[in-house]
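The following pair of complexes shares a single chain, chain A, combined with chain B in the former and chain C in the latter.
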Partner chain A sequence: MKAIITLLFSSLVLLASETNHLQVKILETIITNIHLDKNIVVWSDNKNLLAELKKHNVLLTTNICEDATVIILQDKRKLEKECSSKHIFVLNYNSLSHVPQSFGALFWKKGRPNIVLIEPRIKSQLIKISKDLEPYLEERVW
Partner chain B sequence: MVKKKELFLFLLLFLLGIFFIYVYDNIKEAKEDIFNRIEKHQVEQISHVLENIEKDILDYSEIKNSKDLLYLFENKSTREDYEHIISLMLTSNVKYAYILYKDERDRFRFLLDASKTDKANFYQKLDVTNSEYRTIYRIKKPQVIKQHDMENLYLTYLYPIIANDTVVGLFSIDITTNIQEIILESIKPLETFFMVLIISLILLMIMTVMQLFHYFVTRKKIFTDPLTRTFNRNYLEEISSMLNLSHYSIAMLDLDKFKVINDTYGHKAGDYILAQAAKVFKKSIRDSDILIRYGGEEFLLLINNRHKDSSTFSICERLKDNLSKQTFVYDTNEIKVNVSIGLHKHPALEKNMQEAIKIADRMLYIAKKNGRNQIVCYDEKSQNDISSSSKNIGFVKQALNENRITCYYQPIYCNNYNTIKNYEALVRIIAKDGSIISPLQFLPQLRHTNIYYKLTQTILLLVFEKFKHNEKHVSININFSDLINPDIENTIISHLGSNPHLASRVTFEILESDEIDNIKLFKEKIKLLHSLKAKVSIDDFGSGYSNFKTIIDIEANYLKIDGSLIKNIDTNDKDFKVVKSIIHFAHQANMQTIAEFVHSKEVFDKLLELDIDYLQGYYIAEPKSTLLEVHELF
Partner chain C sequence: MRIVTLVLLLSTLAFSQKLSLDDLLKEYKSAEELYHHTKKESAGHIRVITRSELDKMQAYTLNDVLKTLRFFTLQPRKNGMTTLVRSGQTQMSSHPAKLYINSHELNSATLGNVLVQYGRMGLYFIDYIEIYQAGNSVTFGNEPGTLLIKLFTKDPSRENSTSIQASVDSFGSVTMQGVDAKVFDEYSYLTNVDLKKNYYKNYTSNNSELSRDGERGQFYFKFSKKDDYDIEIGAIKEKYDIFSGIGMATVDGDTQTNDIYTHITKYFENNLKIMLTSSYEKFELYDKDDIGIPLPGTTAPFPKQLNTEISTQVYSAIIEKRFINANNELFLGAQFKHQKFGIDEYKVDGVDYARNWGPKDLDIYMFFAENLYNINENHLISLSAKIDFYKNSFNKSSTEHILRAGYVALLDEKWTFKLFAMQSYMYPTFLQTTFSPNYNINPDLQSAESLTTTAEIIYKLKDSVFGFGFGKNTTDNAIIFDMNATDPSESIYVNSAQEKSFKFIFANMEHKLNIDNKIKMEIYRQFRDNYYSPKQGGSIQLFNTIGKFDIYNELLYHSKYTSLEGVDIKEGFDYSLGAIYKLNKKIELKLKAENIFDRASETPMGDIKVSATDRRVILTMEYTF
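And now, the complex of A and B:
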């Protein structure tokens, strides 16, 4: 799995113009490697991203935030109250601080894609992750 | 020579294309070289700065291991101080500058980030995939990572912070592509120019190739005679400059009495025979020989003489025999045709191909004159004497202008009455040194030229002048083309019409020839001569196509039997019989007979046996400038 993520990273390096497409691919890989006690249904405030996920048909998606189990959040201001208790994955490192219930983030740092998963939040939200995601675990948000 | 021009143009364009590709490639290489030099320069500059900062860090805090470095930058104010120092390196080209630390789980973390944008937090993780991040810990040397346009990054320069011979952290400097882009932008017009130039050249080359292709496709049509499917004169012109004459013999081929076929069976039949004859020729030659339709029923054959399998003469013989054996059927008519061949075995000895063709043509003329269906080969040895003394048209023209044309007269003897019946006028040129030039040396070259007609006219005037005041009879050689020449006709009419006494003593010896292609006109002209009271003799009877009906119709006064039938009459029984028949025919047709080429007493006696009317030849008398008397004969 790590190899797949590395390959995805490399591909991203080579195909910078297709960042969005690769972002979707990485997100799909991350989400499929986490386990909840219920079905994972994804919703995102980023409509393009949601449409892309839908098109790929790898993850179950929904247009209604309440129906989702995992929320991929681009803009923290768009997080509806009814959905604030869901499992939230953010697309900005600082959002990890601003959205306390968010369990992980995918973001670009110095032009490189980065993944961070906050271990205590994962545990508290009863999220299980596969071994391949372990290198991305962090104790806290720095 | 379209092909040569096109090939030259194609080669030129090809070389130009190669040259421009070379220049374009060099520009590309120069661009890479400039990039590399800039990169090296930038890296060197950054390296020096980083070396100083590294020294400062190590000296300031006595760093011994990575933990010490971590503790150093845990202090916010220290971190901000160094971020400020490092940020001084930032330019439009140096985008990010930061220090990384490798934790116990081998993950890279920011210790400080001097970047103005996308700033990372202290101890924030940075996921890296390039192996150089780990290599630097092993080899302790700076590393350069080419980023291949990742997020506008051109390269990342990693510089190790070494304490106690251990890498405790590293500077990471991300350089953008800005300068390179500027250079690329500057070079682009030049690159575009060369690209357009190369594309234009390629297009031109394609056009040239297409033209060449078109040339080769149409080449066959251009160089092939549509009727005989042999090469035509265009091809001869095309190859003549590159042909090595020493590898070829030249033969001129002419179908015998082809006009008769045309006149008798029509032009379509003539075309058919021509095409069939060409087929026979092609089958009789080898692949390395070149058959060209030279014009009308005339062919030029270039015989490759480098083969040992057969001689050039044997090829000509094979060709002649194969045609003789053939009987062509056209519209239920069986038609046979022969070929006369003039061969020049060593054309390379001549000045050029045209000269060699002229000689082969002369040999063909001799073959025709000697009775057709034969090969006459040019013998350099014997012909050299002739050719060295052979005179060109200019020589004859000059002689005409300087009144150096004269006539010799050979008596035509009447044995029955021991009298001289006639004198045959034979043309000569008096050379400037006073020597006498025989007609053999200048007449063949004059055929069908205007000078020939002028010469005929001059002879007529000379003869008319000489004989107008005496009682002697004279024979003048004339051919059909002379008769239909208006100037010659006027000369004859004006001199003979006004002087019937002279006219009655003039005999026109007309060559029996296949040049007489308009029988009606021929008859008209003979009628004109008769009307002037002049006499008509058919010259060289027996060697031509002997249209008896025409000869009877024109009411010729004399038949002069061809010398080739006479010269061996004493030994050749067949010739004897033919001559006997001719004499019998002539007498039956109310014509008198003349035998020429009487060169010995034996021939003379034999002819007397046959009751010949008149005799002429060296045995009786040679041609002289004066009119010989009977007592001067023999």
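And now, the complex of A and C:
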């Protein structure tokens, strides 16, 4: 059934799977290029994203927010108080303004996906980044 | 030496990783292109112009895209507007093109040809375009068309920005465009404002200075609640000098159009959708001539001035429902459309001129269904039917129908095969039955009936796609323009007693050198009894990104032809080159040169030959907040 289904109903499902896969690959590339003084363990409020991260097995993940050191946050309303002081990477540019602990974002603007890392927040959170992430550094949230 | 090698290796790795993240973003963008969610392979022979392509093409107006379509030539019209002409045909040939913004069909009851009315539409708020040629699925609703163009607006959740761009060109034209799009929780909006002052090359004919300069404004607003409703409002106002007019030696005149529409879409659970639309359009024409304007019912010496104003109101309600079950999808739809045509002014030499006009009101009741069925894992069958009941204010009614069968097969991982057969009709337009400023109307015109069969085979490799297609159209009772050579004002549209037919073939290829660079090529040819416009043509498009530069090359070829008036026109070679420099994340500088050889295909108008695209250079700066 797989082949013809791409013509019909499941094309969107397959597409969603492909885009989810690429989004996870981008996030993995970013997270593996940051360095903390502790092990990186990732949690996300986006359950599909967390499942895909687990499947890839590139990053350590957890189902419990408190056990994580890095949070990938889709919806700022889902950030629990106990986790608000962790290193947070957001998936919406506006969340950078609303979540003070957020240090970077993967977001859509003008029809394109963008990466941004806020330099003062990275420094204050003692996050070290590899040279490959330097082009994405910005001084402040616009 | 080892240390040098190690440093080189490490820097190469670092560079490749940097590239990798940027490339991943590009791949992500490509995989997330919105057209993946709407493109319907079963709906016909489709071509998609993606957001990325539109950006690199610097497609400022719809005409910038239309001129690249196979089987068509973009031609200027005597009234200063432009139109698309199918290979071999003339501007007077019936041409049921359909143009949509999202689910809203832009009406053109007033001018009878939607591509005349909206060719200069700005595309700054458009994300991508789907084009279905040679017949299309009945699921798009409305009256049938042989060319269907769907413009999809930008998605606020992908924009999250305010952008403005300003352009000036070598003729002194100025364009200001803006788009603002935001998301607030489950609500979103998109706004577009587009203002232009256009200047074109002027001509001299019969001692008259011919100008098609003009100005236009455009507004679009969409407000949505996610998975609940969309409210869309659009408006266009434009005014252009009349160019060569409909007389023999125009000395003054202009055309003005005003359009406004609202479209509301309500989404329900279980794939149920209801749409309500209303639109109003007005067209004014003023033509003053030194020698005379031949008008129906007049004799020499002909009147020297014509003022006319016509309008159309269209109201439509559509209900659609999809039933999805395992490997079957059934689509059911019903639509009611009311069109009210108004002739608000028709003055000859400043005096009201009485003529018998045709039916001004038209009601259409439409019922349509389509079933998509997977025979097995690699074979899809599509069956469609549509019944349309027309009734006009002359109490004349007719029932028309469309039957369509399609077969799409994935022969293996590389080969795709498409076959479509469509029995359809073409209902006469208001400009044929009810009102024309300069030829006779025919209220007794009947629908033409056509049978179109097409096939396409697509061969896909990892980085390349090759396509080849062919087809045949046969039309009974065709609506043709019966031109009276001695007195053009006595010309009239009639139903042809002879069956009309044409055949066509096309071949195309797309090759991706890498994620930043690709080439697209296409050639086509039509076969018919007589040719009054280019019968064959081709295009080459190169899309390149080098560092911070996007570069676009486009060459359009149209064959030589002899016009209906017997004028020989040489081959057209329309070459355009564009470059975009991304200064930083906020500013882009764009430069585009159009029709560089000044050899675009021409159209005869009296003693001059005119191309739709002037040779010009456009400089643009875009700023994103």
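Throughout what follows, the second predicted complex is superposed on the first by the 125 of 142 C-alpha atoms of A that agree within 3 Å, B and C clash if a C-alpha of one lies under 4 Å from a C-alpha of the other, contacts with A are read in each partner's own complex, and residues count from 1 in each chain.
The working rule: contacts are C-beta pairs under 8 Å (C-beta built on N, C-alpha and C of every residue); 3 or more make two chains touch, one makes a residue touch a chain.
None of these values were measured; they are calculated from a predicted model.
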Looking at A:112, would you say it contacts chain B, chain C, both, or neither? Reply first, second, both or neither. both
Is A:34 touching the first partner chain B, the second partner chain C, both, or neither of them? neither
Which superposed partner A:22 touches (first chain B, second chain C, both, neither): second
By the touch definition at the top of the document, which applies to A:93: first (chain B), second (chain C), both, or neither? both
Applying the document's definition of touch, where does A:132 land relative to chain B and chain C: first, second, both, or neither? second
Could you say whether A:65 touches chain B, chain C, both of them, or neither, answering first, second, both or neither? neither
As a test of reading the superposition: which chain, chain B or chain C, is in touch with more residues of chain A? C
List the residues of chain A that touch chain B in one complex and chain C in the other. 6, 9, 93, 108-115, 135
Show me the residue ranges of chain C that touch chain A in the complex, using the header's touch definition. 14, 17-18, 20-21, 24-25, 27-29, 31-32, 36-37, 41-42, 51, 127, 154, 157-161, 163, 324, 327, 329, 372, 374, 376-380, 408, 410, 624
Which of the residues in chain A come into contact with chain C in the complex? 1-9, 11-12, 15, 18-19, 22-23, 25-26, 29-30, 33, 93-94, 107-115, 131-133, 135
Per the touch rule, the chain B residues reaching chain A in their complex are 96, 98, 105, 107, 109, 115, 118, 120-129, 147-153, 172, 174
How about chain A: which of its residues touch chain B in the complex? 6, 9-10, 13-14, 16, 93, 108-116, 135-136, 138, 142
